[in-house]
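So that you can tell them apart, the chains are marked A, B, C and D in the order they are listed, and the count of residues begins at 1 in each.
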């Protein structure tokens, strides 16, 4: 079984390399009319500040986490108790935000179907850095209950960089709070550079995404 | 206010070309604006999206897009044994997974000819009603939130959390209980459970009274909800509308009464209907059904048999071959008629399991019809008032 | 020369105080709202952290010149509103730039920020932004009517358009307040204040559920930080204005804090207990009863 | 033809179905809808192939492809089966057929009737029912996508419903292997171990009990 997996692995790696080589970032799939609306720049890795300034910035970031209001899967159902008086995440400076532009944390709520992955990628790219991703539920780790489904992906970290996983099906609100605390700690330690990881390995991520999203009708990078 | 006549004269389909299915509105004319509500949007129920064409503030065309949550349950169940399906089915519907568990169990039992002990029937009914209570509490908060009243949502979701605590005590799981299994239920009620249920019910009743005052008698809420998304009685059969959406239009339909399952024929309750068919009538139906659900739970705790087995031993479930046959079992969930169509071909694996979710018609065809000529600010409220839930559409 | 420098110093102090006061008040009111909902709520200093976080963002999207200028206009509107209102009557530091006729200028500035925001939001290119802007401007035009009528009633009552003189006329006891000498104007003004603070039931402009979250849909990073700073200043300015107009102003900073807190609490309590109006409904609402009350107030003054 | 048909005729012969705890006949006082009496009428008019009574409130009938839509229209307009509960397909790959099931509900009689029709798997197509129920178009859109069954004339039937950019064979067909597809496409995380539950239980958990099975 492991042999077969290895073989498939190399095969898909080759495929990724091929897609990456073919890929150009000039939004070539778009019509001329649409091209004008989108930028064709690649994401750039941004150097952090140095010394105490970055420490201070990270502290401020960790104290004000704004979740993108996008319930991508069934995990979103436990976000609602988390927001309300039983668990009250506002106490920790965590609050939901309706637009990706203003939010800094993306909670992947469990399984992600291919159709949703496309929206996840788009929303993730629209968020302004530094941005953090929380993988919620076992489905984001290895597919969970739906490991053999033809429409849900198995590993979300092949498509966007993930900072913290919270396992379980479903993870309890307490587990979510623990995950958020872990994320805060990691931010303060300066270990959450997922945005730079994404920029540096952009070709790899993009090739992975293109391998499953068959009708790619959006710009290659949505800022 | 309620322009029923005008509503019924509208065309059956949203104004799309019958042949190509494309929109008749030319977006390049500059008169119309196309906006997407969802999937990334706080005003949408779950993960789905509405493609709205608006002219000014008025929606003139609506198209529902689903499939963001498609996991291929029906395909997955075809390659799992019956007992392996059982942890999978509850994940079809998150707010009230117990209906999936019950229907799967009932279908399998009917095909295999298994009798369930009397006590298990009571336990099943109890969990179903508790799930209904939890789901309705969440819905009330959602409907208030869709009109901008966050306070109600905070109250009810907390109350729902206390119901989830009861579930946790019963089955060990907050969201997915996996309590109802083929052959009965998984465990007996813990000691003193009835008293804790009663405590929670008292608490919920108090909050419901507050909500009735703050929401149902609120002038602004009435202004928003009355006359929004009118379902005429004639539309009910045409669009396959079931559940509170139909009862809000004065149609007396409730599977609990029409085709009594479990122990509903031993319980004392009435079908709740309201006149009007608008979002306000639907809200009233659901508010009253929440109270009814509390009453039913009390009745059950009173009438429930104390002694007896709660589980009938199955044959070795790993080799459990269900005889050839097909059946359709249905139950009244919070949104309407929930059903499982199960086909067995005599092997260890089910041949086909089809899940009939009420949102299938409510969220797609009905929503596309009702959203036309609605103010764009009301689409979220309209959507919530139909109580749609996307995973049961695409499964 | 020296006088100008002193004035500049006083202005800075005044601005510093109102910014911090506005931020802390915002944080406190979030906690009050949370209490109504049965929660503990965010820390009082959370607005500071949010602004810091937004300004520490590493990237920011630029949509054109007007996109830059939108938040700047908004901030100018907030500052302008505040700087022409005497915050504490008789205090050299907090009297700001009040002059005779400043009431009209303040009314203009309240509108100004929104217009600037409309330009910025329009250039962001997001369809939600113009929807939100059109809702905001329509609603604003509506609540300006009762507000203007209330202001006319108050101005004709005291025969002045200077806020300082209005406050001076209300000194000497609680019964001299406009709230008691001219209750109709106060009622019309306080109803339009609900619209001005954009809390429920008039929050459809920035409502997340009703399609747009409004003009700031595309605003991010330091743009959003600037908007948040402005919101604190603007909120403080509006509270001080209404305190001066209807509730006798304040002679020291403590009475200012108490009065503005209570006025703010009124909007929060109303906001926590009502859903939102749609835009057309709120316009109908403002042009109905509040406008009639305002007209009655003016007519009574004219008689 | 296949096992279901055999069971169907057996069911018709033996009378009451294998109803279990779903409250067969216990709830409603008074007589149930005597659907059996309708079968000869339908057989004359619409040449019923087979019929089967599963429970007192549920029956299945099988009709030929040509008379299906006429039969459903008759049921809807004249017999009170006005509610289309669902419409789906079952794939009998070994017989080379899809079995379409239209589940209709009669609210007056509280009776469910499943109308089944076999259509060939090759070049599968069926008459559309979107003119009878608007939501029939949605079911047909789904069937087209999931099984590749065509419904000419149904609005928007060629649009994708839940899948997006699907290039493989329609996923609900039996020959489509979802596990293989998933492993090929979605980078399974190494470390997942699968035991055959039968073997595992025999060896590890119940070495004594396993012998009895």
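Everything below uses one rule, namely that a contact is a pair of C-beta atoms (placed from the backbone, for glycine too) under 8 Å apart; a residue touches a chain by one contact, two chains touch by 3 or more.
If you're wondering where the values come from, they're calculated on a predicted model, not measured in any experiment.
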Neighbouring chains shared between subunit B and subunit D, ordered by label: A
Rounded Å distance between subunit B and subunit C, as computed from the means of their C-alpha atoms: 43
Euclidean distance of C-alpha centroids - subunit A vs subunit C, Å: 38
Subunit A and subunit B: spacing of chain centres that average the CA atoms, whole Å: 31
Gap in Å, rounded to a whole number, between the CA centres of subunit D and subunit C: 62
Where subunit D touches two or more other chains at once, by residue number: 162-164, 171, 176, 178-179
Multi-partner residues of subunit B (each touching 2 or more other chains): 41-42, 67, 70, 72, 75-76, 79, 154-155, 158
Residues of subunit C engaged with two or more neighbouring chains: 37-39, 208
Chain contact graph, described as a line, ring, star, complete graph or other shape: other
All pairs of touching chains, each written as two labels joined by a dash: A-B, A-C, A-D, B-C, B-D
Subunit B contact footprint on subunit C (complex, rising order): 36-39, 127-128, 131, 200-201, 203-204, 207-211, 272-281
Residue ranges of subunit B touching subunit D (in the complex, touch as defined): 12-13, 16, 18, 21, 66-67, 70, 72, 74-76, 78-79, 81, 106, 109-111, 113-116, 121, 237-240, 242, 253, 258-262, 264-265, 316, 318-319, 324-330, 337, 339, 341, 343, 345-346, 351-352, 354, 356, 360-361, 364-366, 369, 394
Touching residues (chain side subunit B, partner subunit A) in the complex: 39-42, 46-47, 67-72, 75-76, 79, 87-88, 91, 94-95, 138, 153-155, 157-158, 160-161, 164, 174-176, 391
Contact set on subunit A toward subunit D in their complex: 2, 5, 8-9, 12, 114-115, 118, 141-143, 147-155, 158, 208, 211-215
Footprint of subunit C on subunit B - complex, ascending: 33-35, 37, 41-43, 57, 144-151, 154-155, 158, 214, 218, 220-221, 223-224, 375-381
